[in-house]
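Each of the next two complexes has chain A plus one more chain, namely chain B in the first and chain C in the second.
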Partner chain A sequence: MPHEAPSTIALVGNPNAGKTTLFNALTGSNQQVGNYSGVTVSLTAGETFTPHGKKLRVLDLPGCYSLRASSPDEQVTIDALEGRIPGHAKPDLVVCVADASNLERHLSLVLQVIERGFPCVLALNMVDAAEKSGLRLDPQKLSEELGIPVVPIQANAGKGIVQLKQALRHPFPNAAEPVWKTPDADPDASRQAFIRDLCALAARRPDVHQQTTSDRLDALLLHPIYGWIIFLGVMFVVFWAIFSFASVPMGWIESLQGLLAGWVENSMAEGDLRSLIVDGVIAGVGGVIIFLPQIILLFLFIGLLESSGYMARAAFLMDGVMARAGLSGKAFLPLFSSYACAIPGVMATRTIGSAKERLVTIFIAPWMSCSARLPVYFLIVPMLLHEQEGSWKQALVLFAIYALGTLTAFLVAKVLRKRLGPDAGSHFMLEMPPYRPPQWSYILRHVTDRSWSFVKNAGTLILGLSILLWALSTYPKHDGDDPSEALAHSAIGRIGAVIEPVVQPLGFDGRTGTAILTSFAAREVFNSSMAILFRVEETDDDVKTRSLIRDRVAAAKRPDGTPLFTPLSLISLLVFYIYALQCLPTSAVVAREAGSWKWAIGQFLFMSGFAYFASLAVYQTGRLLGF
Partner chain B sequence: MSWQTYTAIAIVTLTLLIFLIRFARPKKSGHCGHGCGCDKKHE
Partner chain C sequence: MRSLLAADLEIDSTMTLNQVAVGCDVTISMLSGPGCERLRDLGFCEQMRVRKLAGGRNLLCSVCGTRLAISRELAEQVLVSAVG
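Moving on, here comes the complex of A and B:
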């Protein structure tokens, strides 16, 4: 029996219509979803089965408002529908996904898909929310008027999925006739008139002036004054909670690390292997893993804000601020994503239609402090303030760090936008989703994915670099007993001596310079390097103290006996990490998205140079002022 | 040299080899490399 290729169906719809949620429900996948537009910027494929066991290939396409190709992600959708994407067949059927409570807006794209002659099924998503808001839906009438099957669904709860799969059975429905099209009339006007009449028949609102809970909340959360106060308050509470709630599990990890190191020391005779395990592996990997609770909390809060619908409001508030930097509100979501990781942030710039604005957004995205910088901040901020000063002060410093990176990014964006010159204006249209209870299953999956990635990185890249760094700080061996002399004699000691003149004007010694150098592969390696390089400062046998890199680093002295890290040198170090671009995968993605390595290399050189000179200016100005 | 030194040097050499092999291996393009947990594998 000849093997029959599975039919291809494509999920098409406006941003935030729930396409990816439906894709996950159909295919059992775990693609990222969010209660804001622009989460999907590239094509994703999966497989599902009809009730009769026939295999179907499902394409999840980026959300778009029209089929005019005004931005790179809309172009992806059109190319996929026309079968122009290598490796993906032209869809045999298009499933239009529409938010039932916003049918007036979402139907325009459905009509455009029908006009292009695609066989089509309409999945009416979020019918629960629509009916709760008082909308009286008549799917039967919609189906009759549009000439296509209409299936009410609630993708996040898996409701209506079986009925939708029934509609995906062979033979697929024929392409419908676009009855609204008239030869002389403007196509947009014809569609709007048809949609108005259709909604009056099949999606009636009992009272057009009725205020929903979301409307009432928006009156407060989007208020020009109270909205900003709440926004800043929410951000501050997130940072405060990260510092205060994480301290207990961090203490457990520290104790565990100390116990493990103590157990190895008691079980093994003194030697290189024991040193490698205790001072290289446990100290190096532990120096990064200890910050896992804070990373988990950060992603939990980001997930909560996204899922509840508040993130779209934050984007709306920020639109005015973005305009001052020469950017539109469209740049907010890519930039906000960059706080988690610059890579999805850079990829999310595909939603920006203007090429110049997109390049500028890509250029500044790595200055949004990503989660990889957090371990470094969490190491330095408590040293700067002393732990007993309270979580709220640490949260305030962290808030200032994020604000500094963001403000500098906006200033550079403004300069760049002026240099690149004006372009055809791009319109910012943001889907304002209704407020919803958090979708815990997706939030927890998102948190687990990110946290596992962090742990995996610690178990592979950080582990490997810790072993190599231990070797560089141990060999060639020195005959004497003085650990400082042994370190100076080692390879890393010699590298540090070469680097020291370069980093000394910033307030650092050769060891810190070496740790910075190693962190150009990945920022969090800085902590491992510091833990390994400062092991010679260990003076007592207390198991718990040995595990705390912060204690070791804080106790480090210069050759003249003065403390190595003063508040000024710590601020200088923070400034360096706010600005330096130390992430090779980000540079690779920038080169791909910008279409040239020149942009990636230019960005790396600019940001590294900026970090160096900003840190230099901070330290030298501070010294002149007597700090 | 003690057995501990031999073992430590062997582990360091093996780590270095793994790094060199990974560095020399051709990279797959089209995604971020999944290093940051930002997405799942895209087809």
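Moving on, here comes the complex of A and C:
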């Protein structure tokens, strides 16, 4: 039997029509689903089988309102339909996904797909909600008028999927005739007239405008006063929960780490290998893994906000604020996601229609303090306040850190936006999805994916750097008992001595400078470097490793006997970490999304330079003022 | 075909979406301006019924059961007439 390549089908529809939910129901894979347009920013491919066991390739395309390409993610959809994306075949069949309660709006795209001559099947999604709202649907009539198969489905409950697969059997239906097209009329107008008549026939609405639960919620949540109070409350709860709830599981990880180090110390003979495992691997990787609970919580909250539909409301509220920075409310989701991680944030900028606004948003996204900076903040802030972790004062300082980064980012955005000049014809428009209960299975999947990639990073990049750092701080060996002399003699001690003059004006010594240097590939490495550089001993009870680093660092003295870290130099260190762009993966994504390495390198140089000079200004001004 | 004069008269008797009071239902009579195409794609088409839910910097409207937010500049290009 000749081997036949599987046919390709593409899912096309307006944002929020439920393409990704259908894709997951068809292929069984778990893509992230947000109740917010623009969650699918690039196309995803999967496989499914017809009832006869024939394999089909399924493409999930970004949502779009028309085939006119007015934003990058719409261009992706058109390119995929035309078979212009390398590695993906031109689709043999297009499955148009439309929200059954919004046919007046969603059918326009369906007609455009038919006009382009694609064989087409229409999947009417969310029929349950449509019929509950009083809409009288007639799929049979729709099918007759459009000339294509129409299948009512309810993708989130898995209903109608089998029927849809039946419709995807070979031979595929022929391309339908666009009966609405008349040679001398405006195509937009004839499409509209056709849709109007069709909906009057096959999707009749109850006459009265119904006040839905979403309407009532919006009246409160978008209220000019209460809406803002609730918005600020939500944001506060998100940040507060991250910093307070996470401390319990963090304690567990710490004790586990202590137990592990103790066990290794007791069961191995003293030597370089034991030192490598305890001081290098366990201290280095453990110093980063400890932040897993916080990262899980942050992604959980973002998932919740997106999936429930509140994120679009936040964008609506924030539009006025963003306008002051020359951006629109659409920049809110990318920037808010960047608080978790700049990488998904930069990718989410694809929903921004204006190219200039998009570039500016990409440029400032890394200044939204991402979760990788948290380990560093958590190390420094308690030291600054001379207390243990978890007080409201620390939450306040943390809030100030986030505010400083964000405000500076907005200032830079404003300047940059002015320099790039205005662009015409792009205005704020956003669909407010109905409020939905969060889809827990997808949120959990999303959180697991993100956390796993964090752990993977700790297991590879950070493990490697920890071992390298351990080796650099151990060799060449020094004959003597004094550990500080041994460190000065080692390779890292020598590197530290070289870069000391560069970081001295910022208030740091060579060891801190070395730790900063090692954190340029990934910020969270700073903690493991500090642990290794300051020779924090492992203990076999559950004494907290981080507070050990803190004690060690706080007790460290300069050669002249003054403390190494004063409050001023700690602030200077914080400022440096707020502004520096120390994340290789981010730069790679920026280069891809902005379309040039020049933009990514410029951003890196600008941010690192800004961080250095901001730190310098803070430390030197503070010194002059007598701190 | 309607005469140009009739069309002009109709424009005179209509208002933009910005001028509509919050909570009112209106019918879109015409779209004119550079944002037309985008508005049509979103669902702001001629003869569609719209309810204005909130005004301000951006408007919030309900079009066939979906809430859409558009900027004032775009709303200025949507000419509407009262229902009925």
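In the analysis below, the second predicted complex is superposed on the first by the 576 of 627 C-alpha atoms of A that agree within 3 Å, B and C clash if a C-alpha of one lies under 4 Å from a C-alpha of the other, contacts with A are read in each partner's own complex, and residues count from 1 in each chain.
Simple rule for what comes next: a residue touches a chain if its C-beta (ideal position, glycine included) is under 8 Å from a C-beta of that chain, and two chains touch if they have at least 3 such contacts.
Bear in mind that the values here come from a model prediction, so they are computed numbers and not experimental data.
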Between chain B and chain C, whom does A:108 touch in the aligned arrangement: first, second, both, or neither? second
Which of the two partners, first being chain B and second being chain C, lies in contact with A:276: first, second, both, or neither? first
Touching partner for A:432 - first (chain B), second (chain C), both, neither: second
What is the contact status of A:588 with respect to chain B (first) and chain C (second): first, second, both, or neither? first
Mind working out whether A:471 is in touch with chain B, chain C, both or neither, as first, second, both or neither? first
By the touch definition at the top of the document, which applies to A:341: first (chain B), second (chain C), both, or neither? first
Go through chain A and flag every residue that touches chain B in one model and chain C in the other. none
Along chain A, where are the residues that touch chain B in the complex? 29-32, 42-46, 87, 268-269, 271-276, 340-341, 343-344, 347, 372, 449-454, 457, 464, 467-468, 470-471, 585, 588-589, 592
Given the complex with chain A, which residues does chain B contribute to the contact? 2-5, 7-9, 11-12, 15-16, 18-19, 27, 29, 32-40, 42-43
Contacts from chain C onto chain A in the complex sit at residues 25, 34-35, 37-43, 45-49, 51, 53-54, 56-58, 60, 62-71, 73-74
In the complex formed with chain C, which residues of chain A make contact? 65-66, 68, 70, 101-102, 104-105, 108-109, 133, 188-189, 192, 195-196, 205, 209-210, 212, 214-215, 218-219, 222, 224, 316, 319-320, 323, 329, 424-425, 427-432
